[in-house]
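Heads up, the thing below is written out as structure tokens.
Letters A, B, C, D and E mark the chains as written, and numbering starts fresh at 1 in each.
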Amino acid sequence: MDALTQALVDILRPLGITEPVLQFMLVNAILGISIYLTLYTGMFSLANAGFMAIGAYAGVAATQFLGMPLWLGLIIGMAVAGIISLPIGLPVLRLKDIYLAIATIGFGEVVIILLLNFDEIISSIATALQGERVRIRLLEGARGIKGIPKSTETWMLFAFLALLMFLLWRLHKSRLGRAMAAIREDERAAANMGINVVYVKNVVFVMSAVVAASAGVFSAHLTRIISPGAYGFDKAVDILSFAVLGGTSTWVGPIVGGLVMGALPEVLRFLNDLRGVFIGLILLGVILFLPGGLINPAGVRLLLRRARRALRRRADAAERSSHAAP
Amino acid sequence: MALLEVSDLWVSYGMIAALRSVSFKLEEGQVVTLIGANGAGKSTTLNTLSGLLRASAGSIRFNGVEMIGRRPDRIAAMGMVQVPEGRQVIANMSVAENLTAGAHVRRDGRTDEELAAIYARFPRLNERRTQKAGLLSGGEQQMLAVGRALMMQPTLLMMDEPSMGLAPLLVKDVFRIIAEIKERGISILLVEQNARQALAIADYAYVLERGKVVAEGTAAELSNNPAILAAYLG
Amino acid sequence: DEEEPQMGQWEACADPENLPEVVTIGAIFGQSGNISVYGIPQSQAVALAVNQINEAEYLGEGVTLEVIYEDSAGANEQAIAAMTKLVEEDGVVAVLGPTLSSEAFSADPIAQENGVPVMGVSNTAAGITDMGEFVFRDSLPEASVIPGTVAQATEIFGLEKVGVLYGNDDDFTISGYDVFVAALEENEVEILDEATFARGDVDFNAQLTQLLSLEPDALVVSALAAEATQIIVQARQLGFEGPIIGGNGFNSPAVLANAGEASNGVVVGAAWNIASPDPLSVLFAEEYEEEYGALPDQFTAQAYTGAWLMATAIRCADSTDSADVRDALAAITDFPSPLGVFSFDENRNPVHDPVAQIAKDGAFAVLSAETAGE
Amino acid sequence: MLHLEAVTRQFGGLKALGNVNLDVAKGRIVGLIGPNGAGKTTLINCISGLDHPTSGVIQFEGTPIHNAEPHHITRLGIARTYQNIRLFGRMTALENLLIGQHTRGHGSLLGAVMFSRAFRAEEQGMRERARELLNRFGLLPVANTHAASLPYGDQRRLELARAIATQPKLLQLDEPTAGMNPVETHALGEAILTLRDEGLSILVVEHDMAFIHQVCDEIYVLNFGQIIAHGTPTEIKSDPAVIEAYLGSSDDGAA
Amino acid sequence: MDSFLQQVVNAVSLGAIYSLFALGYALVFSILGVLNLAHSAVFMTGAFVGLLLVDKLHQPLWIAAPLAMIAAGFVSILLEFVAFRPLRQRGAARMSQLISSIGAALLIVNLAQLAFKPLWGGTEAYFPQGLVPDQPIVIEALSLRIVPIRMIILVIALALVIALQYLVMRTRIGQQMRAVAFNQRTAALLGINVGRVYVLTFFLAGLLGGAAGLLYGLVFLNVTPFIGDDVALVGLTAIVLGGLGSINGALVGGFLVAAIQTFSIAIGGSNYKNAVVFGLLFVLLLARPQGLFGQSESTRA
């Protein structure tokens, strides 16, 4: 596995992609799946960054404070995010569209504020209980938790991503997957088809949260430090851009979008000051000129159709002239 | 010169050719109806006339002026006004606002008089003047759509299935209104499923089938044509 | 060096002879996004220093020092990628940066593992140099600056009760806050109330009104320059006339320039201050302004000094071997610099005298009973 | 089997339904007619759970459903079509019918992941049934076409097929013939009669009186939210209140 | 409690700034039904151009201000042509329009950053002091202090809302905007030049955003390429709170956010001021998904 990774990195190296870059690309791909799940169900949720934060903190708490191995931290991170996502999802998923987006952004901001003040909250509770001033430092607020071992390995990311892809593929073949698509198309009609819309949406929301949390655990064990600021509005928008860049017509899209968005800043390093301008241009260019994103079977079909139409037009012209003849 | 002269019109959606060499004419003051089955291309024809769709070939002359390539808003301002299929009232505007929304293209400045006339004709709209149009029932919305088009001082009114979804009483009303509009000298291009009533009111009719004109004639001729009777009049 | 102040007149080691024609070091600064407010001046300061170093042939005849600048955009992921690239791909001798402490915690271990010295020039968080013996910094942590300032201010102004305002979503300002609280406790000054703000806030009237309603003797503020300016101006607009005591973040020329008269009575404890009478400091400020049309702040001065320190280490090691450079760097003591006479302690943290100053009539003066006008 | 008692639905000041009492017996086709805005669609929305009555009782086979969720009602055996077609546009005709069978399936995600035998058998069965239905409504040739790009008439029939795929006991149709010409309308009427003969109960809203006469066993007339008449088609046709409110003087009836 | 009045003044003056920004946001949303996240870049443009004119070209404020607004207006029009129109014509999903506006914002901010460096030697620059009346007026009797420029902004914000409200609800162009907002095709059939309405809307929104940015710069002096980011989230919250697409709502939303922040600070919760804002937003959305002044979607099954 390591040899494979090494070979892959060697191939990518000329592009400026080193192993850490590859690792973050893979984390992004996982995040791409997380947002794909909700978007595929027609839910414009931007809560992924918040759940990533929850996953990261819960996972690190397990590995760092309780000395658990990474895999256990992963499970705990995912479980905590899943548990928190339930009560959030129930009320919030009644909202639609931009309202859902804002509510979930709000959720993300609240998560950050709570993480920032976690120690203070705990301290004041402890103070109230003990009757004297207690200072507890656990999550360290804005200072962040430092010295997290870099225990995420590239092969783990590959393996986990492969597992998620397999699950996604099966999901699409299942009743649940079809119900998700139906809800995206028309929620009321889906309800009238006997689909429990609230249930399906919540299941998907939890799945999305759990996947985002896994990305959080993995990336926390890559960056060595986690602080709340890294999971804010910007991150939420970033994750959304994976889906848009890659396209959401198939689940491959957001994965590719995540990989590409992870690679771009590094691949474009040689541009120096112009790097930001180019990333903006690329994002805009893809949206404008590649409808449906980078990965879009319909787009390919469209291209084919255009070609065929050119032929067709010739046939039309022929038919027209034969009409005009009599 | 005919008021409207359509010749050799071709329109396609992507690969599908929806209209293949459609030609027809409409004289000033006439009611002409297009009839045909679902998907025959009736709405496509109207949408092309009003500039929403682009023809790949052919010509549309209105008062002798070529209309192909003009923007829909210009076409409407020139007097070719369409009542779109499926109501399309502006949901978040009140009934009154919907009625005046298009009135700015009027050239005679008699907006208020027309408005009063429309309220007189549709008392239901008058009752609901301040209600949001989106909350009207289907039939109420249809009345509103017709009223709104009249506010635009049309020379040629193109109506796409105006009786769709209306209660029998209102269907009669709609046809009565069409007759009255005709009395006022406004020409009408009427697309209808309700072929019997359409023919009853029309001067001339064309039958469309899979994007082609397959029959034409005066309304009387077509009403007595056994093939047409069997296919469209039931 | 009495008459003509000049950098690089540190006579502790001989002219180098064994250096290759080009010696390459890396620099990781946040040059895009929000953080570029700090990152760009830092890279400009490094460029200024490197030009001077090359002009003076500081590394020996015909030897040029080259810097590969990498942008971290304030993101840990990018800092890691940049550090990996510099250390593993470009094979640099040493690295300056990254800008933020959090980036340092992410990226410095890579340098440590590869045995490449890395020097933070704006990392003030606790524990930076604990990452390993290859990790240095020339930026004084708040803990070395603030206690002295607080003690001095307490004595001069006779402070008994203060209000504290700080940014709680930033490790720089929150570290400053921690130290302030400890120092205030030490000096038995009562904290009437605390209020917080977030990065990017511009209106502090609500917090200030709240704190000022308790009638504190002074306001103690831990903020970065942009917020500091607003806080000073708005506090004065709300009628507060007492001293405003700030940390490193207040130490930007922008604060003085933009707060104008409002800045009178602002007390700053800092690693470096533009008003520093040190000749090297004055010289640096002039040169920087001439080159870039803007006044340097403390982070800029530290970046400039950092580049000189790194060059000096290479010069003294007379080698591009990273381990040698590390040892030479650790050995630097009493190096004259804009920051004052500079040394590293055994933990590779900086040792030099911080300055407590007070703003008066649009300029900083050394804090004393007279300048404070009490 | 469907029983409405004193159902009222108030929108602010507007009483869209007022004290409506209505029954649909097993195996009957019941027509619901009335002027535009009378409250017909509102009534159907209430029965299918998309809307809920402000007061009153709706029972289906004895179970009160006026506060039930739509999916629950579908499970009990009520299906509907819409006045404005609401298909799953970016899914194929076949997929639309698979979704129609959602409630009748049990397959879980786990089954899909494990490729379990039950899962595969169920999928197979659903597909077969979907094909049967497509065939029945003449849609087999367009099985793999996206619903949105089907011609209008096909869409209407697909919507009907989708409703039937839920295996309902009661079918509600909201203006099923809108946009169809008389010939097409008649054909649809035949199809609906066949469904009735297979044991389905049907509640149909229509403005096309010819169609109503063709299919309905009994008719309710709604006006301003109130039932103003109830009877056989012949009775209704000559009811003066109905003529006054809805049909207009009988000189030319409806097409 | 004697600081209560002062806190009210604080809330009002902060709210005026939030509202001003939110207005342009709301205007575009009401027409397009799409969030123009690049509005924060338009905001920055106003401040940037104003600063350029005042600081580098030494123009007086009365020349700089209208020019800055117009420049922002044109940037906004450019956004329409580059980031929105192509997508709209293709009938792309709303979400991709949202993202393309993010891409455009990224682009504009980065271009501004490129321009900042040679102009001001970094990414930070300042308006000179004393351009606007910023010395507080003291009302001793109430122990109140009011900064005149803040009140000027308040008046400007209120005046703009009234003007905009009048424009949208009472004028023909406003009616056309609302028709376009409902459905382009229908609007075109009503004889409305849809393209022109879009351009006009974006220009107006740009003027508003530019004015907001400039005033913001004048009050706080500090200008960076990123100042738009600081207000983006607040502006978003304000318009959602007030009701998307509602002009009055944007105004009220702006003041509401400011009031919530100010008073949660006043009762000692400065750590949680934004948590309180979002918490209330949450509750409000659940109770009234369309926001305070928003209309529920007037469409039916």
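The rule we apply is simple: a residue touches a chain if its C-beta (ideal position, glycine included) is under 8 Å from a C-beta of that chain, and two chains touch if they have at least 3 such contacts.
Remember, it's a predicted structure, so these values are computed and weren't measured experimentally.
**Q** So which chains count as neighbours of both chain C and chain E?
**A** The common neighbours are A.
**Q** Using C-alpha centroids, which chain lies at the maximum separation from chain E?
**A** Checked the centroid distances; the maximum from chain E is D.
**Q** Indicate the whole-number Å distance between the mean C-alpha point of chain B and the mean C-alpha point of chain D.
**A** A distance of 30 Å separates the two centres.
**Q** Distance between chain A and chain E based on Cα centroids, please, to the nearest Å.
**A** Between these chains, centre-to-centre, one finds 29 Å.
**Q** Just the number, please: Cα centre separation of chain A and chain B in whole Å.
**A** Computed from C-alpha means, the inter-chain centre distance equals 49 Å.
**Q** Could you tell me which residues belong to chain D and also touch two or more other chains?
**A** Answer for chain D, listing residues that touch two or more other chains: 41, 50, 82-84, 86.
**Q** Return the residues of chain B touching two or more other chains; collapse runs of consecutive numbers into ranges.
**A** 135, in rising order.
**Q** Give me the residue numbers in chain C that touch at least two other chains, ranges are fine.
**A** Answer for chain C, listing residues that touch two or more other chains: 32-33, 168.
**Q** Considering only the defined contacts, which chain A positions touch chain C in the complex?
**A** Listed in rising order, the residues of chain A that touch chain C are 13, 16, 18-21, 24, 112, 116-117, 141-144, 146-147, 150, 219, 222-225, 227-230, 265-266, 269, 272-273, 275-276.
**Q** Would you pull the chain E residues touching chain B in the complex into a rising list?
**A** 172, 175-176, 178-179, 181-183, 185-194, 295, 297-300
**Q** Please output the residues of chain A touching chain E within their complex, sorted ascending.
**A** Within the complex, chain A touches chain E at residues 39, 44, 91-92, 94-99, 102-103, 105-107, 109-110, 113-114, 116-117, 120, 188, 233, 237, 240-241, 244, 273-274, 276-277, 279-281, 283-284, 287-288, 291.
**Q** What part of chain D is in contact with chain B in the complex they form?
**A** 11, 33-38, 41, 83-84, 151-153, 175, 178-186, 207, 209-210, 245-248, 252-255
**Q** Across the complex, what residues on chain E touch chain A?
**A** 35, 37, 82-83, 86-87, 90, 92, 94-96, 98-100, 102-111, 113-114, 117, 232-233, 236-237, 240, 244, 271-272, 274-275, 278-279, 281-282, 285-286, 289-291, 301
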